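There are two complexes below, and they share chain A, which is joined by chain B in the first and by chain C in the second.
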Partner chain A sequence: MRKFFSNPAVRETLRVIIAVSIALALGFLVTLFVSEDPFGAYKAFLLGPLSKFNRFGDWIEESITLILVGLSVAIAFRANMFSMGTEGQLLLGALVSGSIALFVPLPTILRIPLAIAAAMAAGFIWGWIPGYLKAHLDANEIVSTLMLNAIALKMYDYFLIFHIKAPDAGYNASDFFPVEGSLPSFIPNIPIFERAYALFSDKTNITIMVYVLIIAVIAAYYLIYRTPFGYKLRMVGANIKFARYGGIDTKKTMILVFAISGIFGGLAGAHLSMAIHTKLIANISVGMGFEGIVVAILAKINPLLIPITGLAYGYLRAGANVMERSSDMSREMIFVIQALIILFVTAERFLPTIQKRVEERKENNSHAEKIAPSDGGSHEV
Partner chain B sequence: MKFDLVFKGIFSAMFLASIMRISTPLILPALGGLITELSGSINIALEGVMLTSAFTGVVVSAFTQNVWLGVLAGIIAGILFSALLAYFHLYLETNIILAGTALNIMATGGTIFLLYILTGDKGNSSSLASKMVPVVEIPFIKDIPVLGTVLSGHNIFVYAAIVLTFLTSVLLYNTKFGVHLRAVGENPTAATSLGIPVKKIKFTAILISGFLASLGGLNLSMAYLSIFQREMTAGRGFIALAAVYLGGRRPWGTFLAAILFGAADALSNQLGTLDIPSQWVQVIPYAITIIALVVYGIQRKAQIVEQTRRFQERELAKVNNNHTTT
Partner chain C sequence: MALLVDMRNIVKVYSNGVVANNGVNFQIEKGEIHAIVGENGAGKTTLMKILYGLEQPTSGEIFIKGEKVEFKNPINAMKKGVGMVHQNFMQVPSFTVAENIVLGNEPTEHLFLDKKKSIEITEELSRRYGLFVEPAAVTETINVGMRQRIEILKILYLGVEILILDEPTAVLTPQETKDLFEAVRVLVEQGKTIIFITHKLREVKEISDRVTVMRNGKIMGTMQTSEATRGGLARMMVGREVFLDIKKTKMKRGNKKMVVKDLSYVSDTGRTMLRDVSFNLYSGEILGVAGVEGNGQTELVEVLTGLRIPAAGQATVGGGVVTGKTPREVRMAGVAHIPEDRLTNGLAVSASIDDNLIVDRFFNPPFRKGVTIDYEEIEKNGEEMIKEFGILTPNGQLPVSSLSGGNMQKVVVAREFSSEPKILVAAQPTRGIDVGATEFIREQLVQKRTDGAAILLISADLAEVMSLSDRIITMFEGEITGVFPDASTIEEDELGYYMLGIKRQSKKEMEALL
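Then we have the complex of A and B:
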């Protein structure tokens, strides 16, 4: 048992669980003060996503976006580049893929791959820019990516309002994508799966993006841990000066890190436009890029853990939506919980007392064993 | 014809006065950003501090019906919020960028959450009877034709921005604290070895930057507008950080850079009367920020090259001198 707790991975997991629990408890405390029916509100928040089948679908769809933005953030953060640019890449990805889904006269089998590839390319380009500025001009990546986000948002609005939406439409949104530009359900429409297909496509929008997501997660893992580029990326992240002395072309690596992080951001945009909304709308992403930071941080920037944290965090967000609809609490409470989670999980010295106590006990025990080796516990050493 | 009007609009004393008003909520947080930057931390929570203060100021002034209590509460809220950042960064060893991001998220969500509880509205505080700070006319100057329009008749924050730029300059370059602060930012290890309390100085720098940013936030909700709106800072905290770099990390440089951003913003308001899609005009300040980063980067590169060249020449001269003497 003691060995179990001294395992760093276990301790890290415990730390995350404790941090999330404290944040949720504080959230409940606030609910107690504010809500007329705090228990009902919190029950809706914590159990909402599982209460109805369509809510379950909302949860999964939301999580797919979160996992994609989480991967995008993770790639940049792993190289110690604090790119906040996922939001902008996502917007352009949505814009480009949506335009192709709407206007390019190709059959489904060509149109959809083209739309997804174009979204990835848009993200790549929008990520390349801050990478270049950082590598060659040492421009602060936080400022440059935030400015590029703002520019991307204005571009998105401009094209949506002046070129994409129907001229006589009273609201800023495109038409729904035509059948040729819509993603098929993740369950193939063949006789064996007939019932499942009917059930899922009736109540949810879960599409083949699920498979794209699985490929993306594996690709991100493989890229970071199993390729020469990934090695360079991690070296730059661990110690950029050392990496340069070691003969790594740090500038090229940095630019590529930003650009590849952009690919995942663009992909998330394609998912927002083609799978979730199936049309282009104003304010398509309200800070989704920043949610990626939470997902990546909770996963300790490990691509294989991001699906888990993405699903968990998507669950909380979907729960907050249910809570808002079914009680007097507003969904913005989730932002406060989210902020607390980031703070607690990233605080290096948060819960040091627990860790210290574990270490102290270990030391005491080894002392005790030295003094009295006949006490049986010595086998453990 | 329309161009005529726009040009008249731009080349007028009123336009210059509006630049001053629009720049103020950038100058104040930019000074805060400068102080943390020079102390060696990057304060990306300026945005959150501004929002928190803007909200607190409006709410307290509405409930006490006293504008100065509102301002005071806003300042205190801003400083406490910054203390949270400083505590997490310096004592719990959280990465300051992540802590700042978290606090920005908390401020955005928290203000909307509380606004909804207090007013039942998630958009703005128009149902609260909040107060505005007074507009001050400067005697004598206000009667001078053009200068009077530009300099006089502003709210107190505009004057505060100018005075505080001066005070920041004095603090950084003419006091012991300022020297210590810059030493900590330049080389914390060396500063520690000299017995300078690094953590304490960094903590204080973040608190001062919170104070300055809180004034910027109060300016938005109690002078520039008379209400609190959700997400009303609209990225000003980040543009303020960009102003620090564009201004060459110096107080008056930062001041001028913030005014440049303000001017771009004011210009986009003026151009709005033309048939240009507003999105293109609104992009201007952001594009200028990126260009500013590029220019600053090129400048600094040139500086480093120049310094290296001088160093090499000096060393070469030394070597040559040694040869001639021996």
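Then we have the complex of A and C:
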């Protein structure tokens, strides 16, 4: 039994479970104070995403975005590059893929791959820029990516308002994408899946992006851990001076890291425009790119854990949405609860520290009890 | 004699299961200079951290002047008169010397720091203990020796009686070391007691009254220094016979491998760090560079290995220019490089040992297979190297940070030696590592040289330069001041004059010998 608990993976899982439980309990405490019907509200929060089929769909769709932006952030962070640029890459990915979905007169089979590829390319370029600025001009990546985010946002708005939306529309949004430009459901429309197809395509926007996502996760993992480029990326991240000393072209690596990170940001944009909204709207992303930081850090920057943390964080957000809609809890309080959970889970030393204190106290007590010539097992070592 | 410190049956098990101290009994008498020696990871530093309150023992008792004490933190320990001078100085660089010394217990005047008073305090301390400092100088502008004296004065100001010095000479030049030892003797005359952690057996003989040897968390013995021999101490530390003096075959000098011509380097701040450096490096020889640190050696090494671009001049290997090229191109030309600071350049400590061993070759077969890299091969390579170079680790997938300093250096050496270099630039190859690893690395260097490699050896340890090199050049302020074609016939003092620029050979004299 002792051995089971000393396994690091088991300890870590336990730690997360305990941390989430404590945070949820605190969250409930908050709910108790501000809600007339705390049990109902909290139930909506905890079980909401599973309570209705369309809510389940919202959860999965949101999680796909979160996982993609998480991968984007993870690739940059793994190389110790603090790119904040995912948000801008995502916006341009949405803009480019949306424009192709709307205006390029190609059949579905060509239009969709073209739109997705274009979103990836947009992200690549928008990542390449801060990479180049850092590598050759020593521009701080946090500042440059934030500035580029602002530029991307205004470009998005400009094209949407002045070129894309119908001139007589009273709101800033494009028309819905035509069928040729919308992503098909992840369940193929063939007779044996008929009922499932009807159910999912009617109630949810879960599209073939699911498969793209699976490929993206595996690709990110292989890229980082199984390719020469990934080796360079990891060495640059671990110690850039060592990488240079060892003969790695650190500048080129740096630029590529930013650019490849951008590909995943662009993909997230394509998912937002072509799967979730099927149109371009103003404020299509309110900081989704930054949520990628949370997802990546919760996963300890491990691409294989990002789907898990993305789904978990997506669940939290989806639950919060349900709570907001179906109870008297204000959005602000919901954010407080969400933040509490993230805080507890990311505070890695929180539980080990408590555990150590408890052990120390136990030890001291046992020392005091036995006036101990045997001295608590120390001679075994 | 009075027993000042009595540590009884100290056991320290770290939370990761490492047993750092295993039933240690350690006594200090009042007024002695007590050296503790042992390999990296032998438990010396842990024992001292326990005495200083930084770590708490798993079991065991500590008595100071016969009174049982339990230190929860260094402040407790200071109150009982125990202070420690760390290897890494804990000072505010922008403060003056005096401000750093009184930091934490500042004399105040109307809530503000009383600068005059703090300078007086510093001068008084400095005078009493014979530790010279300039109270008004800004700390970041003064040299390492004085910064260390600040550290000592700082704890003396707090009224400490027992001073623990953790490898104090590692950062000092020979002259500064002499000054330090002088100061230590004054401190003892004033009634202080010194515990001195070191790797250098010569220093043990020179300064200490008694010496304790540790190995594997246990004390192997304590003796009067006068009764100890360097060989005997080394044997106790390592657990087997150690050859402190390297046996070398006669040099068989081969052809010219590297030609360095009029190399100059100017730092970013505009200082000329290298001035018209020229020399030839032959296969089958070790060319030692002797000099006080900071006289251009670092720049020379980094210019030769592609990490810096020279302002003028060039170095060629087999006719091809290597200066101004990328590190990869320099490596391709057959130049390997043991960097002076393994933690800055030589290793990525958070990455695995396996990964650290392939940084110069991951893009070649067998490691590269098409677009992927083959981790089976990388692990196999790691296993072989760990075995061949005796790196102490359960496996190669662990991060380098889990290794002791000596084993970290072995990782660097394993990588650089296994690339089969024609030329090896070795900077401080044994700095800060234990006797066993030092012996191993020195043997390997000599072996490579005997096998026909050309080796440029840069070391702050003059004894190392003198014992390993076939030929020696001295550097002072970025210039070569002397060439000594036969390292075995030079006196240390004579070299010193050239290292300090007091003596100089003329260009003509040197030309034929370079």
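Things worth noting here:
Definition applied: the second predicted complex is superposed on the first by the 330 of 381 C-alpha atoms of A that agree within 3 Å, B and C clash if a C-alpha of one lies under 4 Å from a C-alpha of the other, contacts with A are read in each partner's own complex, and residues count from 1 in each chain.
One rule holds in what follows: a residue touches a chain if its C-beta (ideal position, glycine included) is under 8 Å from a C-beta of that chain, and two chains touch if they have at least 3 such contacts.
These numbers come from a predicted model, not from an experiment.
By the touch criterion stated above, A:Asp157 is placed in contact with chain B alone, chain C being left untouched. Of the two partner chains placed by the overlay, neither chain B nor chain C lies in contact with A:Phe53. Judged by the touch definition given at the top, the superposed model places A:Ala243 against chain C, while chain B stays out of reach. The larger set of touched chain A residues comes from B, when the choice is between chain B and chain C.
Once the two complexes are overlaid on the shared chain, A:Asn140 sits against chain B while remaining clear of chain C. Once chain A of one complex is fitted onto chain A of the other, the partner contacts of A:Pro228 are limited to chain C, with no touch recorded for chain B. By the touch criterion stated above, A:Phe39 is placed in contact with neither chain B nor chain C. Of the two partner chains, chain B is the only one touched by A:Leu340; chain C is not.
Judged by the document's definition of touching, no chain A residue lies at the interface with chain B and also at the interface with chain C. For chain A in complex with chain C, the residues that touch the partner chain are 222, 226-228, 230-231, 234-235, 238-239, 241-249, 356, 375-376, 378-379, 381. Chain A meets chain B in the complex at residues 34, 82, 84, 133, 136-140, 142-144, 146-148, 150-151, 154-155, 157-158, 161-162, 287, 290, 293, 297, 330, 332-336, 338-340, 342-343, 346-350. Residues of chain C that touch chain A in their complex: 11, 13, 15, 19, 22-23, 58-59, 305, 307, 326-328, 331, 337, 339, 344-351, 355-356, 358-360, 362-363, 368, 371-373, 375.
Every residue of chain B that touches chain A in the complex is listed here, in rising order: 42, 44, 88, 91-95, 97-99, 101-103, 105-106, 108-110, 112-113, 116-117, 122, 235, 238, 241-242, 245, 277, 279-280, 282-283, 286-287, 289-290, 293-294, 296-298, 300-301.
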